[in-house]
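The two complexes that follow have chain A in common; it is paired with chain B in the first and with chain C in the second.
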Partner chain A sequence: MFEAIAFYLFAFLTIAMFWITVTTKHALYALTALAAGMIFISAFFFILGADFMGVIQIIVYSGAVMALYAFGMMFFDTTRELHEKNPSSTLVFLLGGMAALLVVIMVSAPIVSGSIEAAYPIIEGIGNTQAIGMVLFTKYLVPFEVAAVMLLVAMIAGIIMAGKKMDISYSEMSEEQIDEKLDAEVIA
Partner chain B sequence: METSYLIETIIKIVTILLVFSALAGLGTYFERKVLAFMQRRLGPMMVGPYGLAQVAADGIKLFTKEDIIPTNVVARIFKIAPVITAATAFMAAAAIPFMPSFTIGGYTVNPIVSDINVGILYVLGVMAVGLYGPLLGGMASANKFSLLSAARGAAVFISYEVITGLSLLAPLMMVGSLSLIDLNNFQIEGQWMAVYQPVAFVLFWIAGFAETGRTPFHLVANDHEIIDGFGTEYSGMRWGLFFIGEYANMFFYSFLLAIIFLGGFGDGSVFGAFALLGKVAFFFFFFLWTRAAWPDVRPDQLMWLCWKVLMPLAVINIVITGFVLMF
Partner chain C sequence: MEITLTHYLVLSTVLFAIGLVGVMRRKNLLMLFFATEILLNSVNIALVAISHYHGDFTGQLFAFFIIAIAASEVAVGLGLLVLWFKRENKIDLDIMTSMKG
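Moving on, here comes the complex of A and B:
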């Protein structure tokens, strides 16, 4: 019974949060509702007994949405409402509704046909973390490593893009040196 | 699910909430007294014996003060931000074992709300969500200094999250479990984890100051601008909630340090339980001691320390641990 109560509670909360995310005109509301929705989703993992996935959901998405906040801070005045350019709300509603319907059909089709089987059924006595580790380092080793290499490439590229002037530290220079430096840049 | 289980869980949750809210209040008293003695002052002395009733006086003041919502703030987010800080601090406590299990009248009680097998990840993950409090508080305020402080605070939290995670990895590799109870039991037979992993211990300890936003990493308050950072526009109990969250986080982080690195409650005897409380008290005192002894570091020094010193150390520590475990 508790599972049912928890499920409906968090289902309602998640949908409400994402509803706010899409409909609000306020960047701060949208971002906060997005973060809250992402965290509420982790409840479903906990209800299903997948503790590891639930915690990873919290850690990854709270960090990821944080990056969106940084963009929000840089591009908008987050305390004001935004005026979106939205030519036809009927079209948006229609396309969004159809996409949602498609997802529901895709997910529910195997349930209706009854041919649903766990590829990696729960093994008694082995924790969540170990089970994920085993699958990750045997069957999905190559995709896992490729993803790691991709992240490394992105990181190195980021460092190169940001690091062009990293040998200059303004906090170690005197005022005069900083002024000279800035003047030289203006002339150049 | 049994009714007894439900009642037990509710009692545990209420106990943790009450005990640590009260401790957060007392924590402010201890902080003032410790700082005062270290600076050759007396600290609070006027209300009650040795100023002990100062906590109650502060509480009454915070609760009865007018709750001001300034103009131009994003009211809803502004109101919810302090609640996030306080709530996530207490949510994180759900996976911390506060004492060894004991028996009352033939009924065994485990003083942990939920012993999930990813305990330490859960605690750190939920504590990390707590940084939404200062961030949202700063962004919702129509005040440049609040915004600055929020941005700076978020940068520090995110950077030091890396140190927390990487430094913990080496002890976790040795134990092979993420449950805090397993981490505690690992240290019963052998030495304390701090003996095997001194580097990880020190790194995790340093990162704790950033996670809880304490001096010398207290960048969420703009001390250099003589402005209180994200809390500038808050008043009354909303402002107090930020502090309850901060102090609760300090206590819970001290519990983590004691359980993971200093043997926790040991084999579960009465002595072990009191030893755990003693270790937690020491770590809490150390937070205050550092505040009395050190100034804040500059933001760029903080980032230098994080990315050029602590992170490489943590990674080297992991590699060495891996090799030792392998061969």
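Moving on, here comes the complex of A and C:
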């Protein structure tokens, strides 16, 4: 009973938040609604007994990814409203719904046909985090290491691309120096 | 009233549809990124739900790796976005026609 109440409550909240994210004209509203939706999604993970995934969802998505977006938005002009041309919405909604349905049918087709066996069954008696650690560091050790390297590469790429010319501080220069600098850039 | 796997799959479908609508409607690149995050999250819900109802850890581990991929995607994507914004002062999809495609 409580499971049902929690499921419907969080389902409604998540859908509402994500709906705000895709429809709002204001970038900051979209960011906050998305962060809230991510936290509500972690509730589903806790209901499903995947405690570790729920914690990771809060820490990585709501903590790291949303903070990264918030920092990234400092570079953009987010105070003005977005002006977007949206030609035909009906077609977009129809295509979106149909494509989503198609994906779910593709994913759930093998489940409906039955006869699937658990490759790494959930073990009774030990916690979710411990069990995940046991599977992750035995069967999925190589993907784990590759993911670590991929995160390192992404971090270096992000620093190199976003951090260009960040060694120059305009606030410490005088007006003449800034003008000189900008003129030199225009010529180059 | 019991919550079954179907409930979670329907929820995942709805969220995926919202994300797809966002990808197709949005012209601002930052908003497009938000829509992709919604897509990734809806798939995560489906994977964890299947993992729970079939008693298998694989779904949760796949969701774990999807989160790692999403994090690196954000790092690289935001770097490119900042670079593009410094050059054009705008992050609209409509003006990205330098290749004349």
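A few comments on the model shown:
The definition used in the following text is that the second predicted complex is superposed on the first by the 129 of 188 C-alpha atoms of A that agree within 3 Å, B and C clash if a C-alpha of one lies under 4 Å from a C-alpha of the other, contacts with A are read in each partner's own complex, and residues count from 1 in each chain.
As a working rule, a residue touches a chain if its C-beta (ideal position, glycine included) is under 8 Å from a C-beta of that chain, and two chains touch if they have at least 3 such contacts.
Quantities reported herein were computed from a predicted structural model and do not represent experimental measurements.
Using the contact criterion defined above for the overlaid structures, shared-chain residue A:Leu141 touches neither chain B nor chain C, since it reaches no partner.
When both complexes are overlaid on chain A, the residue A:Ile132 reaches chain C alone and has no touch with chain B. Of the two partner chains placed around the shared chain by superposition, neither chain B nor chain C is touched by A:Leu182. Contact with chain B, but none with chain C, is seen for A:Ser62 once the two complexes are overlaid on the shared chain. Using the contact criterion defined above for the overlaid structures, shared-chain residue A:Thr32 touches chain B, although it does not reach chain C. Contact with neither chain B nor chain C is seen for A:Ala109 once the two complexes are overlaid on the shared chain.
Of the two partner chains, both chain B and chain C are touched by A:Phe52. Comparing chain B with chain C, the partner in contact with more residues of chain A is C.
In the superposition on chain A, A:Leu9 makes contact with neither chain B nor chain C.
In the superposed pair of complexes, A:Ser171 makes contact with chain B only, with no contact to chain C. Within chain A, the residues touching chain B in one complex and chain C in the other are 1, 52, 56, 69, 72-73.
Those residues of chain A lying in contact with chain B across their complex are 1-2, 26, 28-29, 32, 35, 39, 46, 51-52, 55-56, 58-59, 62-63, 66, 69-70, 72-73, 78-79, 127-129, 169, 171.
Across the complex, chain C meets chain A through its residues 1-3, 5, 7-9, 11-28, 30-31, 33-35, 37-38, 41, 44-46, 48-52, 54-58, 60-61, 63-65, 67-76, 78-83, 85-86, 91, 94. Partner chain A is touched in their complex by these residues of chain B: 1, 72-74, 76-77, 80, 116-118, 121-122, 124-126, 128-129, 131-132, 135-136, 139-140, 142, 147, 151, 154, 158, 161, 177-178, 298, 300. Put simply, chain A touches chain C in their complex at residues 1, 3-4, 7, 11, 14-15, 18-19, 21-22, 27, 30-31, 34, 37-38, 41, 44-45, 47-50, 52-53, 56-57, 60-61, 64-65, 68-69, 72-73, 75-76, 82, 84-86, 89, 92-93, 95-97, 99-101, 103-104, 107-108, 111, 116, 118-122, 131-132, 135-136, 140, 143, 147, 150-151, 153-155, 157-162, 164.
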